[in-house]
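Shared between the two complexes below is chain A, which pairs with chain B and chain C, respectively.
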Partner chain A sequence: VWDKSESGDWHCTASWKTHSGSVWRVTWAHPEFGQVLASCSFDRTAAVWEEIVGESNDKLRGQSHWVKRTTLVDSRTSVTDVKFAPKHMGLMLATCSADGIVRIYEAPDVMNLSQWSLQHEISCKLSCSCISWNPSSSRAHSPMIAVGSDDSSPNAMAKVQIFEYNENTRKYAKAETLMTVTDPVHDIAFAPNLGRSFHILAIATKDVRIFTLKPVRKELTSSGGPTKFELHIVAQFDNHNSQVWRVSWNITGTVLASSGDDGCVRLWKANYMDNWKCTGILKGNGSPVNGSSQQGNSNPSLGSNIPSLQNSLNGSSAGRKHS
Partner chain B sequence: MSGTKPDILWAPHQVDRFVVCDSELSLYHVESTVNSELKAGSLRLSEDSAATLLSINSDTPYMKCVAWYLNYDPECLLAVGQANGRVVLTSLGQDHNSKFKDLIGKEFVPKHARQCNTLAWNPLDSNWLAAGLDKHRADFSVLIWDICSKYTPDIVPMEKVRLSAGETETTLLVTKPLYELGQNDACLSLCWLPRDQKLLLAGMHRNLAIFDLRNTSQKMFVNTKAVQGVTVDPYFHDRVASFYEGQVAIWDLRKFEKPVLTLTEQPKPLTKVAWCPTRTGLLATLTRDSNIIRLYDMQHTPTPIGDETEPTIIERSVQPCDNYIASFAWHPTSQNRMIVVTSNRTMSDFTVFERISLAWSPITSLMWACGRHLYECTEEENDNSLEKDIATKMRLRALSRYGLDTEQVWRNHVLAGNEDPQLKSLWYTLHFMKQYTEDMDQKSPGNKGSLVYAGIKSIVKSSLGMVESSRHNWSGLDKQSDIQNLNEERILALQLCGWIKKGTDVDVGPFLNSLVQEGEWERAAAVALFNLDIRRAIQILNEGASSEKGDLNLNVVAMALSGYTDEKNSLWREMCSTLRLQLNNPYLCVMFAFLTSEAGSYDGVLYENKVAVRDRVAFACKFLSDTQLNRYIEKLTNEMKEAGNLEGILLTGLTKDGVDLMESYVDRTGDVQTASYCMLQGSPLDVLKDERVQYWIENYRNLLDAWRFWHKRAEFDIHRSKLDPSSKPLAQVFVSCNFCGKSISYSCSAVPHQGRGFSQYGVSGSPTKSKVTSCPGCRKPLPRCALCLINMGTPVSSCPGGTKSDEKVDLSKDKKLAQFNNWFTWCHNCRHGGHAGHMLSWFRDHAECPVSACTCKCMQLDTTGNLVPAETVQP
Partner chain C sequence: MGFHQFGQACLELLTLDDLPTLLIPGVNSKKHQMCFDWGPGEMLVCETSFNKKEKSEMVPSCPFIYIIRKDVDVYSQVLRKLFNESHGIFVGLQRIEEELTGKSRKSQLVRVSKNYRSVIRACMEEMHQVAIAAKDPASGRQFSSQVSILSAMELIWNLCEILFIEVAPAGPLLLHLLDWVRLHVCEVDSLSADVLGSENPSKHESFWNLVTILVLQGRLDEARQMLSKEADTSPASAGMCRIMGELMRTMPILSPGNTQTLTELELKWQHWHEECERYLQDCTFASNPHLESLCKIMLGDEAALLEQKELLSNWYHFLVTRLLYSNPTVKPIDLQYYAQSSLDLFLGGESSPEPLDNILMAAFEFDIHQVIKECSIALSNWWFVAHLTDLLDHCKLLQSHNLYFGSNMREFLLLEYASGLFAHPSLWQLGVDYFDYCPELGRVSLELHIERIPLNTEQKALKVLRICEQRQMTEQVRSICKILAMKAVRNNRLGSALSWSIRAKDAAFATLVSDRFLRDYCERGCFSDLDLIDNLGPAMMLSDRLTFLGKYREFHRVYGEKRFADAASLLLSLMTSQIAPRSFWMTLLTDALPLLEQKQVIFSAEQTYELMQCLEDLTSGKPVHGGSDTQQCQDDDIETTKVEMLRLALARNLARAIVREGSLEGS
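The block that comes next holds the complex of A and B.
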């Protein structure tokens, strides 16, 4: 865990070894719930962590103290992703595992993070690799979760499924399957909704893809059934020329960053005509790729470069942001 | 590498050197070419590195295998295994005069000549060299030599003397190995086990064997075909990889009976397998005739106790070059770096990238982990604001108090950066709407005020009486045109468009003057023309041409205008209607369109999309009949809604239609900030209650929170509750008396239990000044401040103690802060508290509660409490 000091420097304030396998992902809960992290690992567990302050003089040494609040052991296989639900849903956590099951947990008492009850189990039939909550807090949109699979078996099945919560049955039901995505999916991310009437979903597979999902107005659909969506693929880029590992949206959902096997980080942005294009390329070590300066003026500059002591193999180090 | 296929090795210590060996040994030096040009004679390895040939050694023919001496000194000592089974020490480079000179040229000769398959230096005892040889019926196949041994046999075979003809060569021949192992067997691969200096793992014919040099009679072995290329994982000393044909087997030495894992079989036989020295569990494999290096990322540390789960392996492949790869070598220290050599000796240096995981921070900086580094990348300060992302724009606008100017509403577009014509139009529209609503309210309260905010579309619809058109004279021309008589609604519409000012005066003069002042001559001329004042139009154009920034061509346009003739078939008319399309400025274009149009059909003006909506609408109000006007406005509204063009707010107003329009604007840009402020500006309640509007406001508040603009968010909430009283939250905190349990603000505020906010607890303005320190309900004293020990309710006095007093001055500088000093504060954990000002200064230096014997670390309990709002940090 890295803290940013007031002068803008990052300091590693905590690092600990806990899982007995590779840690796949680490994710922050909304700060409303305190300083809470969740991690998931190959060791078939997911864990929830909370920072404790004031107990010892750790602060003086510039270290903070994190305690494990709970271990979620329901999965029989590697837990591949863990994500907190948007805060308006309360303190909820979704995990997905290699056996193809998405589990949704809820902490009914936000003051007691050691109590998590398993609320839902959704079977996806395919080994799951990544999940993403729809961050929309609009009442017009019911809770929704997208699941990607990295199943590499040759049968061309759709690798992205979207599940939606149904108020009547109180269950998650499949709302949509992206039939066009048949290659293993490594990461998936809904864009922050920011008041849009549609959702944007980025998918990292053998290329970067961006979909929009526009809910068909409720008045038109029969009430109670799953929401119908108009599905459009708005962009597809194979510039990485290899597998794409991660995608991430900025706070407004207007710039997408992707990283791929070519060791580059690319930025994608839509213009006013809704045409997406590349606005920046950076090599993994921060140096600009030759010729990318012509690509756009917003070629980002490198701010800082922190050698880290811990071996962040899967990129599971976590920077702290305060919001 | 048997003659044709080159092999490649990195120097173990001098990390910028490597050796390529086929029939000779060539030493190369790697240089970065990032900052320099490629030197003559060097070979390009990758985009940013090149290799220079340092030396070639062709002393040792019939090379079968090479191993680099592991010690620091001598640097360039290599052991070469030859086809006849001899092992020769040779050197590359200049250190012939070193103390190790006598090592160079030393030969280690087996009893019977046969091919040497493999060599391995002992990593702990650097003088030990193990050689693996082919099978010989009467000899051992694994020989371990001590390179420092001075022992030479008594009888030197004559032919060997001849072979190494020369000075004192006899002393350089060593024929007595330290150990001999594996009789009547073949050795295909060897590696020392890092666990112990004397353990040697050998891939023998049809089995893998571990020899223990402490007891050479014993060996541990397992029968397998996978005996080639045995290699130990440098990060996990019990893990060994070996291969056979196309299959790689991973062994755990603690459970040596069978492989813990076999990797998916490749169709072609493997030629090399190597663990990455800089990264755990990464194994690179190469097959024959392929240009791909396959990488296996073993994420799970295997445990000796049977774990039924399969270790996860992530398989990847990299293609460093187009040709078939002959061999590769991991760089010993550079992370995940590898050099490959192809069969025609082209080389390529590259790095295998890890998965880069990345995350955005709310302030548009991107962070990612690559290798063992974290990188943070921020947006470049860029003046070209069009390129800026909306997230950055909104953040900067929030800092410049965008949207908060409710008096001079139009100024908001200046606060937004004065760059977006749509925003400009929007805020002017809202400004006029506000102005005329107030105007109307003054004239006839409660009448049409709401209509103004409903936009021109509703205004025009509401107009009841038919409008007569009448002919008006052109000023300065002998011509008449049909102009609609302006009724009240149309005047209002024109006022909203900004053409005419407040009052009943239907004069565009002031508007023209302001346009001219802003340098918008073309627009001013067009507006003048639409008001049938061609002289004024020409005059404006001349003015524009003669001004500093003006375009001289305006004179030409003015000339063209003055040549206007009413004649239907004149040359002027013909030329103008064709040439006008080539004019770049839309206003000049519509001027000629207007002049050349037939009476009553103004499509050239109305549907010129580049002309601002307000001018087109104003024009329509002037020249179109009621039905035409309604149809036109309807059409334009739909167009604007479709495009999410904010200029359309003029037509829709802040109605449901306006929300639709704003929705498509938000869909297009994500600018919830403008949407929130605009909708708060004057929408009727039912529009404000629209789910979408509420949702935008909610999103904008979340954004401000995420940026740590807590003060801005509070400001926004105050702004919101002013414009939309229903959103005002009820008081959430009450201070109740310890004795009677009633809120102490009970008597202070007129409405009990709905106190008007915390500031009211401050006592400075309390009417019962004498009793400020007691509960207004029961007259019992209020609790004491833990620091000054005076009952709460008293204003904060200057603290005793010299150091504190200047802090106090600091605090009291700001009037608001000084008031805040009087507030009640308390810790939710230990319930101790006092004057806010005192508490603040206490916790500036202390971590623990000021009450003695209380060890509560009040201030640290709230992690976000220590954060500084981002606005104060920002310049």
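The block that comes next holds the complex of A and C.
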């Protein structure tokens, strides 16, 4: 765990080994609940951690203590993802496992992180690889979770399922299956909801895909059942030209970042006409780093993406380059 | 410590395949995947050990985690003023929108445009000073290039002002364009200083260059003065100079306030043009190639103008000069044809148009949308397009183009710009106002951004909260206060935690913190943060527990002031009003002991009965401890002793109270 000091430098303040297998994912709870982390691992467990404010000596030495509050051991197989629910749902988290089960836990007392109860077990019938909570806190939207699968068995077809909480039955029920996503899914992410009535979901699979899910008006569906959605694919990009492993939205949900086997991170953005396209790439060509950590932008520039904008002013006709 | 270290580097931004590409040093994309995560104002990136082809090495080759910032311009010191001052202009513009009516509207909008431009110029000037003062050549160059970019921005903005905001009609149009060119091709002034400052100006090697450029810029009075110097020193050409001077003096030009119509002007100009032509045909200037060239220029001869490419320095200067001497009453809609041909002639097929050229051309074509689009691509910062588009929107220009994306585009650009500001530790405050004026997504964008501002100091937290409260963002207020309250509780700063809970109107948390206070009191026998608890005021009502805490503290205070009767009634009311947690009753009763054992009778009989009732309630409800534990037994013993003491004290008090009340009634 790294902390940023007052001077803006980052320091590693804690580092510990705990799981007996690879740690797949680590995620923060909302700071409303304090400094809380959850981790999940190949060792079939997920754990919840809390930072304990230590002795002042430790603080001076720049160290912090993390204490395991609980271990969630219900899974029989590798736990592949763990995600906290949006804060308006309280202190809740979901895990998903290779055995195809999504488990939702809740800590009823936010001051006591050792007590978590298993509230729901959702069977996905496919080995799960990733989950995403819908962050929307609108009253018009019921709690919703998307689950992706990287199941490679021949029978498994549609790899993304959406489950929605039903106030009447007090259970999660399947609301939608994305039939068009048939390749293994590695990551999935709902975009922050900017007051939209519909949802946007990004999927990392053999390419980057962005779907919109528009809830169909409740009157048209049988009351009491899960919401029906109109699905549209608004973007599909294979620029990574390889498996895409991670997708994640920025704060306002205006930019999607993805990383893939091509070793690049790509940024996707929609213009004001809602057309999505790539707006930038981060990559490394193996060039060496000069020395140790370089300190930041001393000369931040009012840059131009196209250097020639500068030239065309600096240059007189004499300076103008010839094609 | 640890394998990864943080590195911040000024990375090279390339453009590959038309896409801005950032090269991360030390990372090899061919070998390993990269992982990333979003931060509030930046992105983190680092190399992993995952690889699709070969077996993963245990450790990635690059040990750094990189911080990638998108809007680096916000960190520039010089640009800070630009952002601050333009913010003032922006907000002012939004506010006076209502008042902008009728005839004065246009002139007010022009004034706003000029304000923006003067801010750009001021920034340019400062940047220029910084460039000169730069310690090393590399940063000096960088600052200089930024000056160029600012200059380009002002150039474009100025043209947009003339064409779109001023909407200069034929006639004044040319005058504005002349001003525009004169403002931006400024070698004239230094050249002028050089030549005039010399001993014998007309013999200066740049003399004719100066005269020529003055003519090219339509500064004929000054050119005439130059010529008179030549006439003085060179009698041979005096005659020609005089004639040329006359031509210069008599060129008809539309001056502001001039009442002649365009047609009158055109007529006069035609006359004058013919007169110049005659002199040329008569070879009047044949013996002085300079003067002859000047005459041709004044006749708008393209070839003659093109010979002066170096002095003109760019195609738009060529355009304006050309118009001045061939079609001074050019109509706005015809500009684009002259512009296109000027560009073509000037470049002469030797080079291709550059981004700035395309932007200016789009402006001449009155294609506002294209101007904005090209500027968005060419500039790395949203500042320019956001403010210009907003101003054009106030001119109602975007709406007339296409209702669908008109307002959307303005808002889109403002949102982008404002989001960029939020990456900065103090400029984010400017961003707030921009979001305020984005009707569709401004509020929700602000909500999302403001929750992510790092609240390193209490001051900052209060600032943020004030902003949220002003906008009735109750959820954000609650959330931020909760975060701070939680942090305070974990650091055992109960007073702070309590204030934040109160501000958040978070009853549940206030209860929790109050409980902690009470627990602390039980353990230590005193209260912390007395000031806070004493001055709760109406906030006390937030939660029962908090009210109890406040009142309990009040009891202690009153007791300390020896107002025993008041203390007694307060204590009793605390017990009977049900706001005291049951767990605390014993403590309260124990607090009553000193009051019961005072010399004078404090509790009345009635009150004593109530206290006894409470005690009985308490003891009857107590579970029987299965007492195998010695500690448990000891605790039980203490409990029992206490209860006994209380019973005794209560009984004694009851007796005394009855006696006293009996006597009083009797007398």
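Brief remarks follow.
The definition used in the following text is that the second predicted complex is superposed on the first by the 273 of 323 C-alpha atoms of A that agree within 3 Å, B and C clash if a C-alpha of one lies under 4 Å from a C-alpha of the other, contacts with A are read in each partner's own complex, and residues count from 1 in each chain.
The rule is short, and it goes like this: a contact is a pair of C-beta atoms (placed from the backbone, for glycine too) under 8 Å apart; a residue touches a chain by one contact, two chains touch by 3 or more.
Keep in mind the model is a prediction, meaning the values are calculated, not measured.
By the touch criterion stated above, A:140 is placed in contact with chain B alone, chain C being left untouched. In the superposed pair of complexes, A:198 makes contact with chain B only, with no contact to chain C. Of the two partner chains placed by the overlay, chain B and chain C both lie in contact with A:262. Of the two partner chains, neither chain B nor chain C is touched by A:100.
Once the two complexes are laid over each other on the shared chain, residue contacts for A:251 go to chain B and to chain C alike.
Using the contact criterion defined above for the overlaid structures, shared-chain residue A:77 touches chain B, although it does not reach chain C.
Using the contact criterion defined above for the overlaid structures, shared-chain residue A:22 touches chain B, although it does not reach chain C. Of the two partner chains placed around the shared chain by superposition, chain C is the only one that A:271 touches, whereas chain B remains out of contact.
For the contact definition in use here, the residues of chain A common to its chain B contact set and its chain C contact set are 2, 6, 10, 31, 34-35, 51, 53, 137, 194-195, 243, 245-246, 248-252, 254, 257, 259-263, 265, 272, 282, 284-286, 290, 296-306, 308, 311-314, 316-317, 321-323.
Put simply, chain C touches chain A in their complex at residues 1-2, 4-10, 13, 15-16, 19-38, 40, 43, 45, 47, 50, 52, 62, 64-65, 68-69, 72-76, 79, 139, 142-143, 145-146, 148-152, 155, 309-310, 312-314, 346, 350-352, 354-357, 377-381, 405, 408-409, 411-412, 415, 419, 441, 444-445, 448-449, 452, 454, 456, 475, 479, 482-483, 486-487, 490-492, 512.
Listed in rising order, the residues of chain B touching chain A in the complex are 47, 279-280, 299-301, 309, 312, 316, 318, 351, 353-362, 364-380, 382, 384, 387-391, 394, 663, 666-670, 672, 675, 691-692, 695-696, 698-700, 703, 705-708, 847, 857, 860-861, 863-864, 867-868, 873.
Listing the residues of chain A that touch chain B in their complex gives 2, 6, 10, 21-22, 31, 34-35, 42, 44, 51, 53-54, 59, 77-78, 137-140, 193-198, 243, 245-246, 248-255, 257, 259-263, 265, 267, 269, 272, 274, 282, 284-286, 290, 296-308, 311-317, 319, 321-323.
Chain A makes touch with chain C in their complex at residues 2, 4, 6, 9-12, 15, 31-35, 51, 53, 87, 111, 137, 192, 194-195, 242-243, 245-246, 248-252, 254, 257, 259-265, 271-273, 278-290, 292-306, 308-314, 316-318, 320-323.
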